[in-house]
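Quick heads-up: structures coming right below.
What follows is chain A paired twice: with chain B in the first complex and chain C in the second.
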Partner chain A sequence: MRLISKEMFKKPNNRLEGELEPSKHVHAAVQESVAYTCPECKTALEKETLPELDYMCPRCGALFIMAARERLEWLVDEGTFHELDAALEPLDRLQFPEYAAKLKKAQRDSGEPEGVLTGTATIDGEPCALFIMNSTFIMGSMGAVVGEKITRLFEYATANGLSVIGYTVSGGARIQEGMFSLMQMAKTSGAVLRHGEAGLFYGVVLTHPTTGGVVASFAMEGDVILAEPKALIGFAGPRVIEQTMRQKLPEGFQRAEFLLDKGFIDRIVPRKDQKRELAQLLAMHRRDSTR
Partner chain B sequence: MFSKILIANRGEIAIRVIRACKEMGVATVAVFSEADKDALHVSLADESYCIGPGPAPKSYLNMPAIIMVAKSCGVQAIHPGYGLLSENSTFAKLCEDNGICFIGAPCEVMEKMGDKDAARRTMRDAGVPVIPGCDLVPTIEDAKREAESIGYPLLIKARAGGGGRGIRRVNKEEELAPAFQSAAAEAQSAFGDGALYMEKLLTHVKHIEMQLLCDKFGNVLCLGERDCSMQRKNQKILEESPAVCVTPELRAKLTEATIRAAKTVNYLGAGTIEYLLTDDRQFYFMEMNTRLQVEHPVTEMVTGIDLVKWQIRIASDQMLDIMQEDVNIDRHAIECRINAEDPAHGFRPSCGQISLLHVPGGPWVRFDTALYQGYTIPPFYDSMIAKLIVSARTRAEAIRKMQAALCEMVVEGVEHNAQTHIDLLNEPAFLDGTYTTDYLANRNA
Partner chain C sequence: MMTAYERVQTARQKGRPTAMYYIEHIFTGFLEMHGDRRFADDHAIVAGIALLNGLPVTVIGIEKGVLTEEKISRNFGSAHPEGYRKALRLMKQAEKFHRPVVCLIDTSGAFCGIGAEERGQGLAIAENLMTMMGLKVPIISILIGEGGSGGALALGVADRVWMLENAVYSVISPEGAASIVWKDAAKAAEASTALKMTAEDLLGFGMTERVFSEENGNFETVCSTLHNALAQEFSELLALSPKELTEQRYNRFRRIGGDEQ
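Moving on to the complex of A and B:
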């Protein structure tokens, strides 16, 4: 039992010294720009140090959400990234209610035109074609532009004899684009197939959460499928399955560790090892012509 | 310098005196009642002796017992604290007869000032303004005649009075006779002296008192004023120094009158002259307290002068090393009296065991108390259990500091009046310093 508690002390009725109105904006701005609070254990961290920490809480081990551009800078060798199809922008072809506004907000908030970054870069000196999905853009959902950019990346890699490294994070196909987004599953799968038929390597890292149409297409088509610890990976969400099957799901269902156990993925790689392991994979699959 | 002193008191003031002695290298002897065997002063003193049962008349007012302890321990002086025997000239005389120094005013001064009627006349003769009134009135008839010339409303006061006892307010002639009789009876039972005098009742007045320190070499030091106008039923509950209402010119006048009064009576040691201050900045002598006051820390906090240590030094024939010109008050101090009483039930005394105690801290925060965790407050004595004193460069800052300190203070196990003080500090009449002695009575009416 605590002898002394907060409730014992009254709050003095003293107005803020020297000011008529308490100032608020200053503190908020400071917090926004330099501080980051671990969503799990609430440890306060300096934003600057996050890349060195591999975006992982040094106290509780929680993995922080990384925007696509943050992950890119953290992963590839500095100055080696050349972006492809940066100008491709989504269209609201179905005039889906509120979609235009949602897109605008996503673009403003993320600072990106769409939910995936594609391009070429080197990882620890190993060249590759690269795509990184962006969870901060409508939860990484796959619309026509996401599918098109990934397809084009695989086509570019096939033409140039490059391996592909992909980071997935997605809520699935983008419902606001209806059939157009479902078609991306077939389109991207075709491009992945042709890239593989050309004898080229495709390694994918599944991050939390990777679900829906993305899992049902290119996310699960890698030659080597890696995952981040505890990532949720599945087609339909656990609640939907539970309600449909009318039975309780086992513990850890759809988590990376569960999927590894069942043979769906090849390996779970902590963030701090990802760069090294991806570089190793790239080196192992390097073509003589690129030497 | 005395090498051993007996402290004829209890509670926080006994602790205060023992601490001063420890600083000065003086050995201490505590006396205690059977009810106080677990009291802090008993443990803190070098030697401690039981002098009788719980009720004060049988222990702390038991003069022969105290003198006996003093003699057998070989003390050179007795510090009486405040209250109890501090203004008892019989006890002072008894000390003197036994070759023990009584740390207080000389017997004659105590007698003269203890007789409120004589004090009034002495001050009037010394040119200190006194409240319009009359000398002793032996009978109701005398009182009626004098009342005509003074005018109603007036106050009947006991010559031997103190602590608000033996005082009656008389609004009109019909009330005079019953008030006279009950005041005489109360004074007789409380002080053994039923003699009464009368004064014009001044309403809407401030209680302003001036602190004195006088040595045996004729040096008289006036250490500024205290505003003690925050009172409930004639009991001070909050004091501050300096007073907001006292201008530098008024302070100079008060200081001059106070020094004149002290010199007139050949005062010695620490003492206080109490004045009533009216709206139009007229001040009138009320009474002189020939002892240390409860609220003395307020003055200590603004002047940096340790009054208790100076009481002891003066009693042992040392000369003041501070001149009146050196007294430069540039701080503000506030004291809140923490009483074990229940504000929800008419401030009735609350007794019990202290289950939890957290003392507020920080710079210029002082907490004078004899409490400790686990201590049981006995039912025999005064309900004041602690004094919280703060000081700061300005009054506004001192108020903030007191707010914070009161909110930090935790005393569990008994009811107390901290919240009452917190509320009081927020009231406009306190914030602008205009509160008068009748403020709380009128507010609650």
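Moving on to the complex of A and C:
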């Protein structure tokens, strides 16, 4: 075994200096046909093969954006999902200019009434309460319904002794809901706290991008915090920081790998391993296995 | 009647009293405590122990600074994670010694920068929200100027949230909202109205319990009113058991935005 290698004299892998590759995350345009073109390397794929490819380009490794319901179907055991609060509709409490039209458009484009799906399901046979945020609904921003549904889910899980698994994706607050949006951070944090006080497990998977008020609340409150490779995760968006600091941000800044290095997340888990790892974590925190 | 944007400008006005002024005029015997015991002492947050009518209380304020040099050292009242962690440390200490907590909020927001992100700004705020939600001693938060989003809420999970009449509290600055929603930061005045961020708006939403007159700029009178109000309110809150207290605090926030169909 060679104790001294060339590697040791290389410059340390300082991620602030931009050694990470640029993000492979891409916004998949809504494509109507049966074909799907990788937005990054332009490889032609068949849409129906995407779930078995774990929504990852087999050629270049790009991770495709998954709508919440796509992720749900990909993640949970078939036929086990029971949705909660499916009918909750957003309100335009502030009568914010153009918000009503924006909501209608988001509902039409996403086919969902709001930006998060909640319910119960099993993952590889392990039961849990589950929330999956939806980037296709006003960038997964946290309106009152998002906060309310997540709060209700944690309360349901607490009452029924269930672990919670959450997938986050969020551009931050829902500006058009003003303080009603901000207060969801406190509300959800209270529900997470109570769930934890009942001795129950909460595992969260941060996906690209998870920012703003969601990072400053339930995204960072998991007992175990996982992230997808190269996901952008941060309190302030990179553009805001660039403006504040008046300097260009180094590449790799605020990516999952950077957070792992800084000690803020537990593991980075590729999509192909997520189902297995989540099921394993759920099994390890099953009530009958721990007491 | 002032417009929303005039209130925003008043809340930010040069010469408006900052947290230290209220600490000196409401309490006696303030002893400042420094540092988060993890990384550094963030001067954007002043915190310590003081007396309110002889009752020891923990006081935590976001301080913007008065003179230019001080403003710079206080980062204009934009705290880093270590500031929120100092606040958290002193809140846990308050809980240990059964002391009520007073938070004075005046910030354009938590600092957005490389160091803040590297040290977990999001986590620091999240931990404060969760810990404050379960803290077993009474908390009263007072917005004395700007309440800037998560950086304000990180000291705002309280049993009572009070506002001065020209204080504002918003999910985003009006300039930020205008540039995101209308791609035009110059529409800040319009955004101030649309965001419904004045004390009056928040009273209507049930997000603040009390709005205090600024007595036409006589802030000594404001402080004496706040002193009496705090003493009165704490005597009522201290009569509650920790369970009642945290239950009521949970419900205070639980009902916000919960009436969807």
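Operating definition for what follows: the second predicted complex is superposed on the first by the 251 of 291 C-alpha atoms of A that agree within 3 Å, B and C clash if a C-alpha of one lies under 4 Å from a C-alpha of the other, contacts with A are read in each partner's own complex, and residues count from 1 in each chain.
Throughout what follows, a residue touches a chain if its C-beta (ideal position, glycine included) is under 8 Å from a C-beta of that chain, and two chains touch if they have at least 3 such contacts.
A quick note: this is a predicted structure, and the numbers were derived from the prediction, not measured.
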Which of chain B and chain C A:Gln184 touches, first, second, both or neither: second
First (chain B), second (chain C), both or neither touched by A:Ser217: second
Chain touching more of chain A, residue-wise (chain B, chain C): C
First, second, both or neither for A:Thr151, with chain B first and chain C second: second
In the complex with chain A, residue positions of chain C that touch it: 110-114, 116-123, 125-127, 129-130, 133-134, 149-150, 153-154, 156-157, 169-172, 177, 180-181, 190, 194-197, 201-202, 205, 207, 249-250, 253-254, 256-261
Complex contact set, residues of chain A against chain C: 16, 87-91, 93-94, 96-98, 143-145, 147-148, 151, 173, 175-187, 189-194, 197, 212-213, 215-221, 233-236, 240-241, 244-245, 249, 253-254, 262, 264
Residues of chain B that touch chain A when the two form their complex: 356, 358, 400, 403-404, 406-408, 410, 412, 419, 422, 426
Chain A - residues contacting chain B, complex: 3-4, 8-14, 17
